[in-house]
Amino acid sequence: MLELRLVQGSLLKKVVDAIRDLVNDASFDCSATGFSLQAMDSSHVALVALLLRSEGFDHYRCDRNISMGMNLNNMAKMLRCAGNDDIITFKGDDGSDTVSFMFESPTQDKISDFEMKLMDIDSERLGIPEAKYQAIVRMPSTEFARICKDLGSIGDTVVISVTKEGVKFSTRGDIGSANIVCRQNTDVDKPEQATTVEMNDPVSLTFALRYMNSFTKATPLSNQVTISLSSELPVVVEYKIAEMGYVRFYLAPKIEEEEEETKPEV
Amino acid sequence: MLELRLVQGSLLKKVVDAIRDLVNDASFDCSATGFSLQAMDSSHVALVALLLRSEGFDHYRCDRNISMGMNLNNMAKMLRCAGNDDIITFKGDDGSDTVSFMFESPTQDKISDFEMKLMDIDSERLGIPEAKYQAIVRMPSTEFARICKDLGSIGDTVVISVTKEGVKFSTRGDIGSANIVCRQNTDVDKPEQATTVEMNDPVSLTFALRYMNSFTKATPLSNQVTISLSSELPVVVEYKIAEMGYVRFYLAPKIEEEEEETKPEV
Amino acid sequence: MLELRLVQGSLLKKVVDAIRDLVNDASFDCSATGFSLQAMDSSHVALVALLLRSEGFDHYRCDRNISMGMNLNNMAKMLRCAGNDDIITFKGDDGSDTVSFMFESPTQDKISDFEMKLMDIDSERLGIPEAKYQAIVRMPSTEFARICKDLGSIGDTVVISVTKEGVKFSTRGDIGSANIVCRQNTDVDKPEQATTVEMNDPVSLTFALRYMNSFTKATPLSNQVTISLSSELPVVVEYKIAEMGYVRFYLAPKIEEEEEETKPEV
């Protein structure tokens, strides 16, 4: 028996919309500590990890660990039927091939019950070791999304370079090249507008913009995004979910020479 | 000689937009009592009836009964050229193969004259007998539109069930099923937000969502929609037009078995 | 060495968006007096002329005359990456095959550098003699845009007729015909809402609506549009750019008979 209740139901919509651009089908894991997911994108290049801690829910009951394979687009279709202020209750049963979503309007005048078929998904969970990063950038999530979108109109890859002064995003394409520098900036009125750089070593890494632009679908979840970079590790792009957990995206850097070779084909 | 003047000209736009999703060409009938239309959709499954009473117009002159075949998309193209605050005057002449729309801006600085070609349409007018219904539901029109849209993303048909407590809308599709219950609710601050059920007998009927979603194009015409249901009769979905008349849509219920049989093909 | 700085950078976006529907590639000419462009559309029917005077820039340095071939869609892609409040600096170098755009956010926290490749364009500059027009109409640019769009949904050409009372726009198509009359109107609270007619002789000329609708992409540049008409001359549709210059479009009138002949094909 599994029953999760979230008064701020729109959060669940945002979580699913954050992930479904990258992943079609995924296995959600539920345990006493929380509701989580780990999945590779279809081309096995990027990894997404979601955690919603049990304390963050308004009601949370999970009698035993359970894994549920869901199609994220179907899930989004159903969640789209919830009003923005609706309370959402999610129910599952061990051994059942369906789960249910209940949406209650704030006035209780409208109650919706949606039942969704589950899917069989083979999933193995990778252990993601805690790592120490050369540089950690925190910046407004909308700014990061804007930069990835803008650079995506010029080129296919972005070079992210971190120095003490700030972070630089660069690209190059057929029509020209672009460099965008965001300076450290902490003394702002609104902390969610701050850009901060925590740097042990300067670092400069190249990533596919297609994936970065996919990660930024999580922008509505958080005002700030955290980008953790190290030469030998996948970048982590993290969107914290207030008092509940996070969505984290992992993507391996491109080897620069590779990029140069493929450019003539673009 | 026919001349109708409507200060609130945007109403005419809304009327045409309410109908043209269902009907391409229709014959408008004009008499001393009002401006009306009755038409089947192209697959002869649904019927729409419009009435705009003569008293509702700011000026109304109709010397003799006249029938005018019009293409509703052409009519919409012309009406789209009217400003939202424009006064609209509609003119026709017995024997003429055109009608004209005049749009006057509130300041009279811009006067537009549009002439539209009429069409030959064979139309027979059905008598629609007044009937007693098992149940009549009144609810916010935007709520009804939202429910039809939401259910349309899950399934092809909707079961509408009325009990004393309220009205239930249900569907089922490949990805799962959905039930939405709207409870009676009259003690609201805004009467247009009320949901009321007037029930003689409980009733449960199945309809094609495609048509329901077409009917909801009339939502901008009225805050409330009235749904009248009886086992042996087509449902009537009515949008009242304040102080002027109504748009009514009629649709025969589906026989449940039929629906079951066709489901595997979906 | 060329360096132009515009605090109100969004203006440059609007200029490029005003022109690129008509012209793909164009040669921008820079001299001590200003930044200008003259180009024919690809079918060599319409001409566009742009002038941004040096005084209008916040900084303007142009050591010697220089011509730079640019693809307007690529230019728009880059300018779209500027924030609405960004300061834009444009730099070029004699002999270089690139130009650069720098975008500075108002707080200087984000600095973007875009480098764009130039193109080889054969361009010859036509002398456009000053002319005396039979009639000059000034009207709100949004109103003119609305009229061209509305008439474009009915027909392919517009007849513009000027009399003392005002200006009439007419079209005719398969579904009917339309006449829109805008009356002289100067005693309005807001001068940008005025419609004025300066007429020496009545004039009535026919133009292709496709081009007129292209010209109205310049609407965001100015509240008012000026339309100058003479029987023997191309019409001039001018959008002034406050304190800096203008965008002017030139289009030859259609010969009426021609239009009649081609109509059956439509």
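Chains here go by letter, A, B and C, matching the order in which they are written, and residues are numbered from 1 within each.
The criterion applied here is as follows: a contact is a pair of C-beta atoms (placed from the backbone, for glycine too) under 8 Å apart; a residue touches a chain by one contact, two chains touch by 3 or more.
Note that the structure is predicted; figures quoted are calculated from it, not measured.
Where subunit A touches subunit B, under half of the residue numbers in use are shared by the two copies, so each contributes mostly different positions. Rounded to a multiple of 5, the Cα-based rotation taking subunit A onto subunit C is 120 degrees.
Inter-chain centre distance (subunit A to subunit B, centres taken as mean C-alpha positions): 44 Å.
Shared contact sites, meaning residues of subunit B that touch two or more other chains, are absent.
Residues of subunit B touching subunit A in their complex: 143, 150-151, 153-154, 175-183, 185, 195. On the side of subunit B, the complex with subunit C involves touching residues 71, 74, 77-78, 80-81, 98, 107-117.
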